[in-house]
Amino acid sequence: MPLLKCEHVSKRFGGMVAVDDVSFEIMSGELMAIVGPNGAGKTTMFNLINGVFLPDEGHIWFAGVDVTRFPSYKRAHLGMGRTFQIPRPFASATVQENIAIGAMFGAAGGELNVEEAMEVADEYIDLIGLKAHRNKPAGGLTPIEKKLVEIARALAMKPRLLLMDEAMAGMNPKDIDQMVTFIRHIRDVEGIAVVAMVEHIMRAVAGLAERVMVMHQGAKLVDEPTREALNDPRVIEVYLGRQAEEFNAKG
Amino acid sequence: PCHASDGEILIGHPACLSGSYAKAGEQAVGGIQAILDWVNNTRGGIAVEGRKASLVYKYYDCESKKESVTSLLERLITSDKVHFTFAPYSSGLTLAGAPIAEKYGMIYMDHGGASDKIFQQGFEYVVQTIGPGSLYHAGTLEMVKAIDPSAKKVALAYADDEFARSVMKGAEERAAELGFEIVFNRTYPAKVTDLTPLLSDLKASNPDVIIGGGHFEDGQLLNRQLADLGIQPKLLSLIAAATLPAFGEALGDLAEGVMGPSHWEYGVTFSEKGAKKLGKMWIGPNQEEFVALFKKAVGKDMIPDYHAAEAGAAVLALVLAVEKADSLDPDDVREALGDLEFMSFYGGWNIDETGKQVGHSMVDVQWQKGQRVIVWPVAAQTGKPLYPKPDFK
Amino acid sequence: MRGSGKYLPIVPVLAAYALLLLYGLAAPGKWQLVAQLAFYCALGQAFNLFMGMTGYVDFGYVAFLGVGTYGMAVTISSLSDGGLGLGIILIGFLAAAVFSTILAMAVGAVALRLRGAYFAIATIGVNEGFRYLIEGARIWNGADGIIFSRHLKTALGRKMAMTVSTFWADIFVFGVAVLAAVLTLYYLRNKVGYALLALREDEDAAKVMGIDVTRYKIIAFITSAALAGLLGASGWALKLTYVYPPDVFEIHYTVEAIIIVLLGGAGTLMGPIAGGLIYGVSKYFLAITLPGFQLLIFAPIIIAIIVIFPEGLVGILKGKVHGTSLEKFVI
Amino acid sequence: MFFEQLSGNLVQGLILGSVYGMATMGLSLIFGVLQVVNVGHGAFIMVGAFTALILFQSLGVPPILAIPVALLIGMCLGMIFYYGAVKPLVSPSGAGIRKVGRRQLGKAAGVFVAVMIAMRILSGVLDLNIAFSIFIAIILMYAFLVYVYGGRRQEKGPELATLLVTFSLGVILEEVVKQIFTSEARGYNWDLGKLDLGFTVLPFTKILASGGSLTVAVLLYLWFNKTRAGMAMRSVVEDSVGARVCGVNVDWQYALSFSLGIGLTVTSGVLLTMFIPVGINPYMGGGYTLKAFVIAVLGGLASPYGAFFGGVVFGLLENGSYTLLAALPGGEPFALTRFFSFVMLLVILLIRPTGLLRRKG
Amino acid sequence: MLKVENLQSGYGPMQVLWGPDIQVKPGTVTSLLGPNGAGKSTLLWTILGAVRPWEGKIFFEGEDVTFEPTHKKADRGLVMVPEGKHLFKEMTVYENLLMGAYRKGAQEEREANLELVYSLFPILSERRTQRAGFLSGGQQQMVTIGRALMARPRLLMMDEPSQGLAPKIVMEIFETVEKLKEEIGLTILLVEQNASASLEAADYVYVMHEGVIMAEGTPEEIEASHEIKEAYLGI
């Protein structure tokens, strides 16, 4: 059974169709990326999965439950975690508290009290290597540290599906590679997360994703394993352009 | 605090010098200071326990707020060791301080709380000088009946608060007794800024007499907007507004012929002679003297209004009661106040056993050519009533 | 923060209230002043529980004090002949808590969907609307209000009634202040506190983290409202023995609550005490030394304090003790 | 009868509402640009009312000509208050007091004492009372701190702090006016005749007040949407960083919009007295502040012309509902109109949580 | 054209810039590279005057502009494309672009510039009456760049202009950069994470790390140095 299933999902803003009759599935343990030209509807799709918007048409199942009309906090309880395109940690809370909040109220929530959540948080602080900043307010961190905190916070929720919106934008190639390794590690070792991500950085997509869905003008254009998808002429035409050569040349 | 040991008798007052009652509060403080001046300097003090004592006045500003009344009152009683206390302005604030005064067994002179209900609560030390609200319009309606028996339709439009309600309830009862018909009876919220909808409604009832008001601001507003809407009653009487000097200033020609009942007015001719005729005891300055003392006290060229007169008269009552009791003990003085009956520039003063003022009657004042003229009762008249009132232009 | 130490910040709070209480009991003739200060502290403390923790400003907060006052007033004036003795006060408090909770649920259901200034102003609407409903529909005597000094005397006897008004009512105010402080700390140290922290910082992100923001907002809102109800019942109803609608639905009290909380430091535990004391003492002192001019002096002082110390006094203190052994006592 | 009254009240409500709207635009403008809720709003209306009153009574200037004077007074007050008290809390480039140590406070206290002594000596000459000297000394001490030690604090002060500042500014205005003019309620009498519509009567002063309000609203709309300066101010509202890189002097725009907002508010005080020329006293603003808040939210809070629209809606609701509520038995219709308009506010906010004219962001 | 000497600045008590010296020659693309948090954006903001310089000097076209306020610098033609968009969300695309021409000296050529922007980003022409806040992330980035071009800058500082753009558009942006340089002789100071593309476009490169300039040179020189690439650029 797929972990996430979207069926004929559509979303309109006024007259403009941002997501147009999209259906797809994500299996447990899968690493999947959503790419597409600017304005293709990726973020909107994300928000629909996550419950920030409710779809105008179609259905969404998550972990066997029809979550189409669920508010986002209920989806989180079922095991859906996400990060934001621009990191949004709770600025005045410390790094530890930020991550503990994830542990307290996420899928693991209900069971953990404050002390236990703090302990969980400490584990993740070690994992992301921010020990030195444990008791600093998250608002004072550098953008990249904020991103790490946000990812740790989402992971502390013990999600079964982790959604990442342009998590690697603004990172340099070295950092991107590190992040890719880190996420793979989480998936393999911790065994908790399936990642769906929206990304424009091909280095990250190629390094991380096993499958790519390409969106174009709100609709699904291609949904194939990474290599095939990125070599698809239609994708090159609307999305990759000249960079495709570079990418294919490398590997 | 029982002895006038160093020849001083202290009066304590949590006054309202800022906040919503600042205007009345300033008047009251001026009135008290004026009478104090008279007692100490003209009368030569108070004879008590075989010596002459002078009055000393101690006041703080309660900002027209109930929390401050209690703490300031207690301070006056315990730290400043005053002998007598005065209530702040308004029924509400008077009530707020009452439990403290009662606790310390302190005389608590009510000069600005007109509610009858204060005196149904079983307080023992609260003594009223202002008259109860229910009597305000007795004279006005008698006057209409006497001059114009054909006027039948009375409209009531007044502020929705305890004071105005008790006044209007009195007016309603009086009107029924005198055979008037109440054709309109509606309230408006206290701090209103536009009365048009209410007045359009009132206009439809086409009354001969309009009685209304509640406070100074809404009284002005009522008058103004009646004129705006071209409503032309034969008589317009406004409580707590039309009698104040600033009313005429604010409204100019539109005030012409507007009336109001008042506890006291500059121009009322209560005099020592008059008191003698009635066989009543007289105390205090005459009116001109009071006005002069008041101006001196506030340091401005300001005409005192009834807020000042009431507060001043309350001091006079205390003076007489202390001398009569020959003691500063609150219980003795309270007893003496209970038996006291006198006249002053403010008029009659007499309380019933609950402390409620029953000896003071009101006068009706009318604006005529920019002056306030006392038109009723006939005995107090300084001019003839202008009836029907000239139309608004 | 682990283990027993996490409730330590209550120590200075309790100490402050105990000192204030002792001062009132020991110094002759200062009890009403102490009572007034306690009222300001309690007002700040109860208000802070919602505002400090959620970042939402409830401009209509005074409505909860108002209905609490009515709860007590209505109870006493209608049950005074019942021979309930002191039990009547208990029932009064119950009624106050119930009235304010019901109002809070009704208001919360509507207003808590709004954010920021829209929330603040919608709640003004609630306060004003409620007041005019009472006046317009003549509920509970409408604008005539309830004066129940006599009823209190009937129910408790003259002497006891007087003691209740001039002493016990103030003790109850202290009780409300302490209760509010304890609840604040309890919430801060438990999940509620973290949920509120998250939603204060970023409501959308909090939702995504699995926080049912509406639920936690309602919890804080109702707690804060019920405390206000109790405060109205003791500090206003029992103490003053009358209630007029314009007097208890006066928005000025909300502004006072905001001033107190901000002077002390929003969201801190000690802040309302510091703010309440500064506010109360300066006003009292100025009212005595410069009657009639106190606001003229007080207003620029407030501006100066807030511009120089925008985080409030306890906010400054928090920064000062950071990293010292005192840190665990101050939040 | 019923319909005659209803239409009369609606016409009156429309006229009143336009003035209400005018009295709210300044509030919205300040909120929109600076995110500051001006709790002292009513006090500025009061200043406008006194301006009209004094000009009319002592100089015979008709209120309509008092409008530019009021605008000027308001803008000056706005500038002074902005630089003196608001800027340190809102300006992103920070002019707050860098860091207040013992030394700075000590020096400021020195200024305070020096001024007190000077005032004491001068008080014989100037006839100032002691409270006023203390007031001035505090202000000078404060000004000393802000200007001498005003520094580069980067972090924004909590937004709520501005509530206290605007509230206190209002109190200061009220108290100063009270000291000068006493708390007496005043009024003036400017008569231009009336327009009798049959079902209701409209004095020309009211029509003029309403027309004035409409004109100001239209001008403001045009200014905001069609001029370069107006666009600049809007851009600051939207994104101050973005505005900065476009070359907009953001600090000045803040100052300007605060001062313009205060100017509009003071001006509306003049128009309000044309509508209701009585009850002018230092504390008259309180009721208007509450109404302005509600109207601002109705209109979408950050939009000045939305505020105008909200004012009209509010005026219609308040006046129009009277006739309907008076038809109900029992109760007090006038108080219920207030209840009704606040209920409508909540209903509108439930349907449109960000007001009538503001799109969801 | 631009010369920065020993510039120091930071936020509150925290110093970020520790005295970098850089120079931008007219008609060139100068690229500033470095890891996250190196202080690149801070340098741009300090040059622009939005962050107050603590020490050092900034010269623009020979004049000392160190303490000039931002809007004055904008009037001189010093224009920035900030990171994180910062466009006017409630205004239409068209109004956003008009705001770009706000500075003195950009008004006259408004129409011509508009044409230029629309030809670079045709989608903006299509969406000219739409509210900018409702555009997708990448479309918003286009508006931000377009807005800066509307100012007819003398020196254009671009902070990560390619962030969030689809690969195809990224290429186009870099082509645009080169086109602007060649066709209208625009001088550009470019901050980019996409080091390889950035090196390709640049005439001269500075590498920044923890607030100081660690290396500088032509793209070829930087390309040639493995240490630099390894240590600071991560390629």
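For clarity, chains are labelled A, B, C, D and E in written order, and residue numbers in each chain start from 1.
Just so it is clear, a residue touches a chain if its C-beta (ideal position, glycine included) is under 8 Å from a C-beta of that chain, and two chains touch if they have at least 3 such contacts.
This one's a predicted model, so the numbers in the text were calculated from it and none came from an experiment.
Between the contact lists of chain B and chain D, the overlap consists of C.
Looking at chain A and chain B, the chains that touch each of them are C. Counting contacting C-beta pairs between every two chains, the top pair is C-D. The chain with its Cα centroid farthest from the Cα centroid of chain C is E.
Placing every chain at the mean of its C-alpha atoms, the farthest one from chain A is found to be B. Ranked by how close its C-alpha mean sits to the mean of all protein C-alpha atoms, the top chain is D.
With centres taken as mean Cα positions, chain E sits 75 Å from chain B. If you average the Cα atoms of chain C and of chain D, the two centres end up 29 Å apart. Chain C and chain E have Cα centroids lying 52 Å from one another. Residues of chain C in contact with two or more other chains: 132, 135, 142-143, 292, 295.
Shown for chain B are the residues in touch with two or more other chains, namely 18, 26, 160, 187, 189, 191. For chain D, residues touching at least two other chains, in rising order: 175, 332-335, 338. If you check each pair of chains against the touch rule, the ones that pass are A-C, A-E, B-C, B-D, C-D, D-E. Across the complex, chain A meets chain E through its residues 13, 35-41, 43, 85-86, 142-144, 166, 169-175, 177, 200, 202, 238-244. Looking at the complex, you find that chain D touches chain B at residues 1, 5, 8-9, 12-13, 16, 175, 178, 182-189, 191, 194, 196, 200-201, 203, 206, 275-281, 283-284, 286-288, 318-319, 322-323, 326, 332-335, 337-338. Taken in their complex, chain D has these residues touching chain C: 31, 37, 39, 85, 88-89, 96-97, 100, 129-132, 134-135, 138-139, 141-142, 145-146, 157-158, 160-161, 163-165, 167-169, 171-172, 174-176, 179, 290, 293-294, 296-297, 301, 330-336, 338-339, 342-343, 345-346, 349-350, 353-355. Those residues of chain E that touch chain D in the complex are listed here as 11-12, 48, 50, 52, 69-71, 74-75, 79-82, 85-91, 95, 98-100, 102-104, 131, 133, 144, 147-148, 151.
Taken together, the chain A residues at the contact with chain C in this complex read 50-52, 71-74, 76-77, 81-82, 84, 88-93, 97, 100-102, 104-107, 109, 113-115, 118, 153, 157.
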